[in-house]
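Report on one structure; see the data block that follows.
Order of writing sets the chain letters: A, B, C, D, E and F. Residues in each chain are counted from 1.
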Amino acid sequence: MSDPFFIPPSGADLPRYAGVPTFMRLPYLSPEDPRRAEVELGFFGLPWDGATSNRPGARHGPRALRDASTMIRAMNRATGQTPFAAMQCADLGDVAMSPVDQDEALGNAEAFIAGVVEQGIRPLMVGGDHLCTLTVLRALRAARGEAFGLILLDSHTDLYPPYFGGQTLTHGNPFRQAVTEGLIAPERTVMIGMRGTAYDTEDFDFGHRHGIRIVQIEEFFDRGFGPVMDEARAIVGTAPAYLSFDIDFIDPAYAPGTGTPEVGGPTSFQAIQCVRALRGLDIIGADLVEVSPPFDPSGGTAWLGASVLFELLCVMAPA
Amino acid sequence: MSDPFFIPPSGADLPRYAGVPTFMRLPYLSPEDPRRAEVELGFFGLPWDGATSNRPGARHGPRALRDASTMIRAMNRATGQTPFAAMQCADLGDVAMSPVDQDEALGNAEAFIAGVVEQGIRPLMVGGDHLCTLTVLRALRAARGEAFGLILLDSHTDLYPPYFGGQTLTHGNPFRQAVTEGLIAPERTVMIGMRGTAYDTEDFDFGHRHGIRIVQIEEFFDRGFGPVMDEARAIVGTAPAYLSFDIDFIDPAYAPGTGTPEVGGPTSFQAIQCVRALRGLDIIGADLVEVSPPFDPSGGTAWLGASVLFELLCVMAPA
Amino acid sequence: MSDPFFIPPSGADLPRYAGVPTFMRLPYLSPEDPRRAEVELGFFGLPWDGATSNRPGARHGPRALRDASTMIRAMNRATGQTPFAAMQCADLGDVAMSPVDQDEALGNAEAFIAGVVEQGIRPLMVGGDHLCTLTVLRALRAARGEAFGLILLDSHTDLYPPYFGGQTLTHGNPFRQAVTEGLIAPERTVMIGMRGTAYDTEDFDFGHRHGIRIVQIEEFFDRGFGPVMDEARAIVGTAPAYLSFDIDFIDPAYAPGTGTPEVGGPTSFQAIQCVRALRGLDIIGADLVEVSPPFDPSGGTAWLGASVLFELLCVMAPA
Amino acid sequence: MSDPFFIPPSGADLPRYAGVPTFMRLPYLSPEDPRRAEVELGFFGLPWDGATSNRPGARHGPRALRDASTMIRAMNRATGQTPFAAMQCADLGDVAMSPVDQDEALGNAEAFIAGVVEQGIRPLMVGGDHLCTLTVLRALRAARGEAFGLILLDSHTDLYPPYFGGQTLTHGNPFRQAVTEGLIAPERTVMIGMRGTAYDTEDFDFGHRHGIRIVQIEEFFDRGFGPVMDEARAIVGTAPAYLSFDIDFIDPAYAPGTGTPEVGGPTSFQAIQCVRALRGLDIIGADLVEVSPPFDPSGGTAWLGASVLFELLCVMAPA
Amino acid sequence: MSDPFFIPPSGADLPRYAGVPTFMRLPYLSPEDPRRAEVELGFFGLPWDGATSNRPGARHGPRALRDASTMIRAMNRATGQTPFAAMQCADLGDVAMSPVDQDEALGNAEAFIAGVVEQGIRPLMVGGDHLCTLTVLRALRAARGEAFGLILLDSHTDLYPPYFGGQTLTHGNPFRQAVTEGLIAPERTVMIGMRGTAYDTEDFDFGHRHGIRIVQIEEFFDRGFGPVMDEARAIVGTAPAYLSFDIDFIDPAYAPGTGTPEVGGPTSFQAIQCVRALRGLDIIGADLVEVSPPFDPSGGTAWLGASVLFELLCVMAPA
Amino acid sequence: MSDPFFIPPSGADLPRYAGVPTFMRLPYLSPEDPRRAEVELGFFGLPWDGATSNRPGARHGPRALRDASTMIRAMNRATGQTPFAAMQCADLGDVAMSPVDQDEALGNAEAFIAGVVEQGIRPLMVGGDHLCTLTVLRALRAARGEAFGLILLDSHTDLYPPYFGGQTLTHGNPFRQAVTEGLIAPERTVMIGMRGTAYDTEDFDFGHRHGIRIVQIEEFFDRGFGPVMDEARAIVGTAPAYLSFDIDFIDPAYAPGTGTPEVGGPTSFQAIQCVRALRGLDIIGADLVEVSPPFDPSGGTAWLGASVLFELLCVMAPA
């Protein structure tokens, strides 16, 4: 049972649009704050899009998601969970990442997350573009000493080959890089939702060579989210796994605010059911990435993203 | 067969974007107009959002819905109905409701609706926030002398406990208030579409204590709208019932223009099928509420709302 | 195997947002360009909306679709096709059509398309409002000497009777006109997706009198896109057929940027599956019409339209 | 002193966003209404943009301007005028104009306005594109039997030569046509605000050949609106004159919602001062044209247009 | 010289879009925080619009202004001031104000501000609608024991008579109420920028009866902001004065995001010069009100509002 | 007199919204095109924003400016110039610049521009963020063998010290870098329009140390654009000079679509007069940078940018 310090105020006491916006209205704890030691799960932002090959803007994601997340209430109506009561959560702030210097940016993020992990806080990262995920994977891998499983909900595999004359660190490469660096266990990796056009089959080929299971959207709709997620659970198993959610997994009618939308995706209901289906797994960290506020003028994508963040939180909470 | 006076002009004669916009291009009849005596069903607006706990703007709903509704044509392609020919309809105007004085606002609305009901006109109210519905329920209850059934399509139960230090009249309370005041018969009440986060289970508990049937969205998607609506018809039965449609019932990808959106809802097709499934019931009044134009920059929610209004009209029309 | 001249540059070499935007980043070939003789399939724009009865703006469609289409890559992930490699495609430019003189506009379009067809180039027209399709049908009919089949994906039949005091050439009339002029074979014509309100049944009656198969949206959702498209294939058969795609076929949550949206339509996934189901038919020409950029502030409709254009291309490509 | 029937309700009694929106909240009087005989000045809409060479949408102008104009109150703070009290005004509705048939559209408008003028009502027309003005000029000229002066506030002269292969009736031609038809007296015509790029000097040459005074924007800013308007008053003199206000006269930062914006124009304050400077002239009719709501997503242009309409009204009101 | 704790981080260290957004990136100090005792000037939000007669949304103002204000840097380029170094500033949070209960809302605000004033913190309030100002005036008057001067920059006097059947507490009444309650000294009160339409002259008459100086916009533009502000300084004198800035003072081309815009106002440069002209006066408190984010889709009004807030801060800072 | 090949089509022949959009509807000439040898002035795009410290999106500038520039006509009404007839202009395309690799991006741009300059084509660059200017300056300096003057219209000096831990190549540094590299002659450099907040005075100090003339906005408004530009002409003299136009020079009410707006700037009229005042100088190259389409939802900034581009062209054209 959480200390009251870690319980967000209710909208019936302080209207949901009032107050300094932190993730989920949780307390903000700077790296030096002594109460960080009590935190079990930490939200933090990586406001950076320096690896974006197409439309930028995900650097503004954490700001917009903090704002929208103040609309979230205490209880998950579908599962009955009250995650803030079940584990002590906090907003750990954003990492200072240079928008003009990739090495500096990634280095700062890795150092910050190493500190978070070291304190025994499970990370729930808010991007930023998908390369941000690589910094979390590196920090977790370093701390744990072994590779872990991965569940990716995305319209892209992000296993693409080098881009633009050999660049290996773009938001289309993090999982290829993660396999290469031995961060994730490919045979316990499953990727769901792939669709749209491609330059070639090199990303799929790479994945298949390494034993990654890739579920294209046609299979997803054909079998339904239930059977697909059952298979995903089986692949991941009971060992530790990381959960990465690219907002472009969801159809752009629901989530227009992203840099590389692909039409023909799942509804928000289906997407949320996919997350819920993962309850009980050993999720060691998670993220939501690629929300790009400049392409989300009415804020609907931020609101959907905040709702997804809450579901990620619930799947990481004790049953 | 309606008098030609009550038949809206065709867009093939006067383009749909032309002319002074009344609901469905129907004649506007002020309270003093003698032709009001001939009206069988009356649209009117309650342009008021003074009970809104979160994002305001529903006060602008009637204006936007009048505008969008001029795109509606004569016939319902799916059912073959021509409601304007089947019963004499009119636009009865808006009620003057103070945006800064709740008592004055609700009082004016109740007096206006009492007059409408007294003239034997079935009310089709356009909100405004959901507390506006309470004024219609009160007027109908007073005129009929007994409680009636209720079908609510909404993502919320609006059975919430008092808000912000004891306030019982917010847009989260109308049906709790209606049960307490004996306006509706809880055992003939069904609520469909509930989802999202909650502060606690108090609203559900209240409903269940009084015998209200609540269908959460997971059940809705699991069983399908057909079986759910069959059950709803059985609950309501053949006795008089009121139909209330909160636009936030529909997923925010379809209806972003509302103050308290909840992700993971039905499509507009599914929502419309829910309304159509109620044909043949004894619907004594209906409403569409919570369309908030400031959050609907492209007008899509208003257009969807106008389409829903037409379906509400058809379900109230003679077969 | 296409000449490299006809292969669009990759986004990994030139970012997708860079460069002069042609359809799909294909080479632009003016009517005088000698390489036109090598073209097998030609995109061109009819930037004209002079037959629009309601909200205008489709004249801006080709511009917006060129822009969005530069996001398309080489391969269709679902089918494995690489259409630019399979047949030589080009952007043939736009036709100069007067916005204030319907006769002049249609005449110019017909002359241009006659030239395209004469060169043996299969046309893939980008509108413009739906009356633009009539000019393609006329040119193809003149060149082929006989009527052909038609598949229409639209929320309207566009078989409406004359409008506004006898006007027969509006965007609600092209297929009525096409039947009357003997351009299409009604018994090999199928129309899918019809919904919304109507003035009367005259368009359906006309279609049924001539043997056209009309699939309303309720039937579409009830049976599913697979069986419906199987029937469509059977109706069209192996003889030549034209494929016309009105963007308002898709639900306005997915495609708000159009002049006459009708709620309750298919998702983008379902719409794309409908197109893919037509592989193997003898498609002699196709179009995408009614994308209206002024009603598409966030560009999502243009992006969906570009994705549909790519699917139309793939269904016209060698297997 | 106006009959109370002609006094708009106050926003302190009925909130400004409530009620069926007519121009300035005035009574709507159809052509058959007997109270039309009491009207001294009539607003009406010409919802038509069939002569637009560039971006369409002005057909939606009257709808948007009715909506915005309900924010106007009773008194002009700057001049102290209360025009609704000073003369009896009404909303005469919109003319049915075919969007696909220019002859039919212009003919209907001319017939309608002839009726208005015949009843002794001074016309205040709301467009629609600038060709709509021609129909007012024709009706006034026919009724009066002689040409009259003209004040044009616009960023264009609309004296352009035929367009697109000889078309003489576009929104770039109305005043050239009016001179040619002898509707206006060129030597008592003044045009103010011209700027931007041009194809050539043919429009200026035409104007100068006929004795029209053209004030380019550089001269306007250099001399100031006071001296310029003094000269305008002198040119027009005390004889009857028509006042036409193209919203693109004002800088697009203030009035983005128009089809052919030209940067570098006056502020809204300067524009309004230009109108006020015309008090005391014999203004026989006026209009506001080219407001295009699809390019005015936030409604600011409609609100500015409504404010301009009120100033036009005041300049036509008794002192 | 401020303690480093009170110096906002530089955008060169933490990008301006990163981090939890507080006003000006200042430390957030809750009422219980012991460091509040060190604060000299406190920003706080009154997220409430329950007194709004027209378009609502100002309740969202503090959230949007916190977000935009993180773009503000350390130094005022024009004046050379570095206000955060010159006095210790903080973000004191938002007051919990019920959106559905005016008495409760105003009471909470007054109690909160009384606490702020009691701690010797000069208040810089961020609204909310203009009635919020009344709560600051009441708290300051109670603490000081005597009335003080007022400078109002607004397009309205907010001296209007009761509204909607006698309601005296709307956003059109705060200064009438303040005069009546003896909070402000009318003979040391100046109001600048009035324009637009009015119901009558009652607000001006009331002001003039009490000796308030009202500068209409025509006089403002005619004399220029320099002489007008010189006069304002002379009226206010060296005694304590309050400064209230309604964002609708500025022309809606610059500040569209407000509920009651009036065209024909000053530019942002002129508005800022008006504030700067007040340096050296004894400003005991200030506010910025009526920023309404739902009507500010591109965020420009929030950014302008944040810039105005910084100028208000500078005018309150030691020279 | 230009060859007809280099004359853009008229909107009276091909509507302005039709056709493949190149800059000003000029012919597109790839680097290999033999007609490049005939070009006197070349437009090209640097679609890159990898040096942006705040809000990204300028990478989309060239695309949006090509689109908007098709609205430009042949003649500058104010000056009478017909620049396309006076010198042969072309669209040279965009440079392929990696969004994720600054060295690669800048290198590619420099190589491309070196080729342009080598062919004797005067460059008119379209950004992209302001660091893009550095690549043009380097190429011109290399080709000419000596430093040249600079006129900068911007709200920032872009002389800032290193950013984010020593990064010297951001869009806040190009002119500091240019001075350091000896590309520009500081004593013949003038910067106009500076305003807003700053971290400190280091940029001004650097400029003043090197003899750069900096005109803050207060001086600009106080003296007027005429005297300021006279002084600018005197500073630059008759020797070669480069002209750089950052769209944030203009007030954000006119140009919201940029990443670092500063309120209180000049109008578009004043900005254009500043450019026109430079006629007759020896302008060896020019640019327009920092147009960021994601922050320009209504396209007004792109249209203003296109208008500025035309004025830049005219000031570079023979008298």
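To be clear about the criterion, a contact is a pair of C-beta atoms (placed from the backbone, for glycine too) under 8 Å apart; a residue touches a chain by one contact, two chains touch by 3 or more.
Remember, it's a predicted structure, so these values are computed and weren't measured experimentally.
**Q** Farthest chain from chain B, going by the mean of C-alpha atoms per chain?
**A** F
**Q** Can you spot which option in B-E, B-D or D-E is basically A-C again, with over half of the contact pairs the same by residue number?
**A** It is D-E that repeats the A-C interface.
**Q** Over half of interface residue numbers shared between chain D and chain E means same, under half means different, so which is it?
**A** The interface of chain D with chain E is built from mostly unshared positions.
**Q** I'd like to verify one number: the distance from the centre of chain A to the centre of chain F, where each centre is the average of its C-alpha atoms, in whole angstrom.
**A** Going by mean C-alpha positions, chain A sits 40 Å from chain F.
**Q** If a residue has to touch 2 or more other chains to count, which residues of chain C qualify?
**A** 13, 15, 17, 53, 55, 59-60, 98-99, 163-164, 251, 253, 267, 295, 297-298, in rising order.
**Q** Pull out all the chain pairs that touch, please.
**A** By the stated definition, chains touch in these pairs: A-B, A-C, A-E, A-F, B-C, B-D, B-E, C-D, C-F, D-E, D-F, E-F.
**Q** Sort out for me which residues of chain D touch chain B in the complex.
**A** My answer: residues 13-15, 17-22, 28, 45, 47, 59-60, 62-63, 66-67, 91, 93-99, 297-298.
**Q** In their complex, what parts of chain F are in touch with chain A?
**A** Residues in contact with chain A: 49-53, 55-57, 59-60, 98-102, 104, 163-165, 167, 169-170, 294-295, 297.
**Q** Quick check: in the complex, which residue numbers of chain A touch chain B?
**A** 10-13, 15-17, 71-78, 251, 253-254, 267-269, 272, 297-298, 300, 303-304, 307, 310
**Q** Help me check something: in the complex, which residues belonging to chain F touch chain E?
**A** 53-55, 163-164, 194-201, 216-218, 221, 251-253, 256, 261, 263-265, 267, 295, 297
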